[in-house]
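Next come two complexes built around chain A: one with chain B, the other with chain C.
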Partner chain A sequence: MASILQFIANGLVFSSIIVLGSIGLSLVYSIADFANFAHGDTMTIGAYGALVTFGLVGGVGGTFLGLPLGFYIALVVGMGLAAVVAVITHVFVYRPLSTTSIGLLITSIGVAFVYRAGLQAIFGTDFRNYDVPRSGPLPFIQDSLGIAVTARGLAIVVLAAILVAGTHALLQYTTLGRKMRAMADNPDLARVSGIRTKRVILATWVIGSALAAAGGVFLGLFSQIDPRIGFDLLLIIFAAVILGGIGSVYGAMLGGFLIGMIHELTPLLKDVGIPIGIQYAPAVAFVIMVVVLLARPRGIAGELT
Partner chain B sequence: MSRVLDVQSVDSGYGDVQVLDDLSLHLDEGEIACLVGPNGAGKSTVLKTVFGMLEPWTGSVMLGGRNIGGMAPEEIVRIGVGYVPQTENVFGSLTIDENLRMGGVARGDDLDPVIEELYDRFPILTEKKKAKARTLSGGQRQVLAFARALVMEPDVLLIDEPSAGLAPNTAAEVFEDVQTVNELGTSILMVEQNAREGLGISDRGYVLDQGTVEFEGDADSLLDDPEVSELYLGGGTRH
Partner chain C sequence: MSTASLTDRIGSFSRGEQVATAGVGLLAAVLLVGVVVGWITVTYLLYLVALAGMYVLLSMGLNVQWGYGGLINFSVAAFFGVGAYGSALLTADSSPVAGGFSPVVGLVAGLLVAAVLAVIIGIPTLQLRDDYLAIASLGLAEVVRMIVLNEREITAGSAGLTGIPLFFADWPVLGSLEYPFVLYVGDTALFTMERSLLIAELNVLLVVVFIAVVYLFLRRIHLSPWGRVLRTIRTDEDLAKSLGKDTYRFKMQAFVIGSVIMALAGVFYTHLVLYLNPQDLAPVLTFYVWIAVILGGSGSDRGAIFGGFTIIALQQGTRFLNAAGTIPVDPAALRLMIVGVLIIAIVRVRQEGILPPEKELIWPGSTEGSADE
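Presenting the complex of A and B:
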């Protein structure tokens, strides 16, 4: 039982990262109208942005949720950097192209290569770490539940939950959020209603990329940073978004949560006689996605938006 | 009477497929003008060209003294023109209230008074404020589509086939709503497949065929014209 709880706890941390990546991918898909293959590398940009910033401000005193305050400054800078890069890419690459969704998709693969090459040229291919002190399992969780959860693991889950709640509040209760939902629903009617869609698309890039960057920073905190971390996660994030129902932000949250969980719970399969390890986790996640799509072709939340 | 909208010698179409051919028509202040004609005559294309969904290839679209041909729809909304598309004219995943708020994004002032007024005028919407628009019936949806466009209090309203897909009694209610909106001071240019009903509530009419105006005049005289009746109103006499 404790072992199942342990896997669930690990799953929550991984899910948090996948959810943050999924929201942006789904937002951009529904409003800018294409599957953005540079989204994973946008996460990586956020991770490196935070890495450099943390190197400069890591000494800022105090901690919150067990992480130094400098880390939060680095997180915000990483999110901002990714948003700026995404907006520049949109304005100078995607927007001027009058091509189809497929044309934009292929273009975004090229953009992904450029992002990654840029990071590699600056930082090399070595693994890097945030210089955040590692700590052991939190005693109060270990004592009460008998599982090992680190402070950084808990912080990732809490911060991701705050960002998800913030996204929800933005979408439901602000004029910008309503405009974004209106555009995802019916872009022509949005313009007919007087929504200046260019601005909403820019805001979508900012929000989606900043969330992705937060995911990238957490991923770097959870494991390590190298120029491929975001790209390596991209297909899993696509699986999450499609499982949830592509274009639906809430579907992406749900799909991200489920895919992240399935991914981390894979080792439990050996308890029911299916001896496969964590290295097969992406395959298992995809198989489950396909099975769900066979039953619900438009994804779990396919018609809810 | 002054012309609020004046379409002059417009060619227009989709891609390189021409639909409108040297089309001219106008809308007088305070009137309802109805465009009728067979399928594919270009009726909806006229509205889309006026509203900036399509750019006129030649000719001009004058609103007041200004040529708005080719201006973007989100900007045309801001200078007093509203448009109710024929289909997909509500945001299905948004609530009724959110649909109305979207209708007013271009207003700089507080939306609440004008939206409250619309709820008073269309009580059916009040009952369903918090419901998603996709749960509405066809007639209710059409009312919401109107109301969304009216949040801007436009001087000119373009309406594409308000009766499409509605049962006859529901269509009659929608036509009544069109008249009410007009009586409150909005000039209306309406496309209507149901030509007799459409002309029945209009001041003037245009009969379009193959992208150009074949007949124009008072709605009554068009309804009484034997040639128009024979060719475009399915024959028979007026009832």
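Presenting the complex of A and C:
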């Protein structure tokens, strides 16, 4: 029983990262209208942006949730950097194109390579880590539930929950959020109603990329950083977005949560007699994605939003 | 042919054809100088040509799927890998399952397995919308790579397979040639040839034969009613459906044909490089082939040939620049950057590619009557 709880705790941390990635991918899918293969590398940009900033500011001040305050500065800078890069890319690469959504999809692969090549040229391919001291499992959780949860794991879950709640508030209770939902529903109708669609698209890129960058920073905190982390995670994020229903932000949250959990719960398959090892965790996610595409192409929350 | 008619012909080249001709000419000149000066050996040059031929095969395979039928297949590396592993596992000394068969058996097995895998992957994915197909096929390709990497008892895992024989190792004459090969006329040795050079030449010959067979086959089916239906599906699938065509079946056929050609490239690669590991199935191969196809011109087989050679020029050019010490950055990063910029540039500047299909779609001779008037 304790081991199941432990897997669920790990799943929560991993799900938080996937959810942050999924929201941005789904937003861009619904408003800019293409599958953005550069989204994973946007996460990587955020991770490296935070790495450099954290190296500069160090652990200034005290700590919050077990992380030095300097890390929060680094997180914000990483999110900002990814947003700036995404807006520049949109203005100079995607916007001038006169092509279909398939053309944009292919272009985004080129963009992904350019991002990754840039990071690789600057930082090399070595693994790096945030210089945050590692601590053992939190004693009060270990005593009460008998499972090991580290301070950084808890911090990732709490911070991701705050960002998700913020996104929800933005979409539901602000004018920008209403405009974004209107555009996702029907871009032409949104335009004739006087919504400045160009600005809404820019805002979409900013929000989606900043959330992705936060996911990238947490991914770096959770494991380690190298130029491939984002691209390697991209397919799992796609699986989450498709499971939730492409274009649906709330579906992406739910899909991200489920895929993250399934990914971390794969070891349990052995216990119920299915001989699939942990190394096939991503494969299980892809197979679920294909099954969902066939059985219910609109995903589990396709009609919401 | 007189000089005047030759210049007339060059003058009638489209802009893309002029660019392609100039590029090929320049590359050939550089390579020729390179061989004369001694930067590269003839053996290595032939090896590169063979490798380019492999990319040509892969590009022609993808061309059937994307160029003719509009199917976004991001699992090129998987089919390449199935062909390569299928043949290697049957022929290699170090094979954990059943080594020692003739490479011809390996070829047939590799192609068969690829065809079966294409059907298995195609059944769920070909019913999907275009962009879903892209995501799903990339995911399934990763599943194939994971299986090859993790099922050590079958594929030898990350250790890779060694001891793979040459493709013509057990052929009657070619397999039993004595090295170094010396051609005697009477008692005087006319010329001698090193083993590596002879093998390189035979490999080039082999890939040229493969390409020629595939090219003629594709040209034939492209001009057939089957090819016309496929082009209709690419342009407007609903239209094809409303004309009573079972579009799913046509797409499946294109998917299988393309995948088998990719597997053929894999089989050739196995017996060219003689070493195989799961790294060869990395997704980057898929995107190299995509560049070759969209750069050359989607739906154009001469474009695929042009694209295949461009990829080798790109890979070797960056390696060469690095060896010459002229660039301060990591060559892998530079290559990735060029690949990325190239993709963006093609979509931005010339979506139809450099050599888009023009006269290929017309039966030879069918326009001659009007042209002569």
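Everything below uses one rule, namely that the second predicted complex is superposed on the first by the 301 of 305 C-alpha atoms of A that agree within 3 Å, B and C clash if a C-alpha of one lies under 4 Å from a C-alpha of the other, contacts with A are read in each partner's own complex, and residues count from 1 in each chain.
Here is the rule we go by: a contact is a pair of C-beta atoms (placed from the backbone, for glycine too) under 8 Å apart; a residue touches a chain by one contact, two chains touch by 3 or more.
Quick caveat, the model's predicted, so the values are computed rather than measured.
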{"item": "Which superposed partner A:P282 touches (first chain B, second chain C, both, neither)", "value": "second"}
{"item": "Of chain B and chain C, the chain that contacts the larger number of chain A residues", "value": "C"}
{"item": "First, second, both or neither for A:P96, with chain B first and chain C second", "value": "second"}
{"item": "Touched partner set for A:T175, first chain B, second chain C, both or neither", "value": "first"}
{"item": "Partner chain in contact with A:G110 - chain B first, chain C second, else both or neither", "value": "second"}
{"item": "First (chain B), second (chain C), both or neither touched by A:R196", "value": "first"}
{"item": "Touching partner for A:D188 - first (chain B), second (chain C), both, neither", "value": "first"}
{"item": "Partner chain in contact with A:I242 - chain B first, chain C second, else both or neither", "value": "second"}
{"item": "Contacts of A:F34 with chain B and chain C, given as first, second, both or neither", "value": "second"}
{"item": "Contacts of A:Q142 with chain B and chain C, given as first, second, both or neither", "value": "neither"}
{"item": "Chain C-contacting residues of chain A that also contact chain B", "value": "none"}
{"item": "Complex contact set, residues of chain C against chain A", "value": "72, 124-125, 127-132, 134-136, 138-140, 142-143, 146-147, 149-150, 287, 290, 294, 329-330, 332-337, 339-344, 347-348, 351"}
{"item": "In the complex, chain A residues that touch chain B", "value": "175, 178-179, 181-182, 184-186, 188-197, 304-305"}
{"item": "Chain A residues within the chain C interface of the complex", "value": "34-35, 93, 96-97, 99, 101-103, 105-107, 109-118, 120-121, 124-125, 235, 238-239, 242, 277, 279-280, 282-283, 286-287, 289-290, 293-294, 297"}
{"item": "Chain A-touching residues of chain B, taken from the complex the two chains share", "value": "51, 53, 72-74, 77-78, 83, 85, 88-94, 98, 101-103, 105-106, 148, 152"}
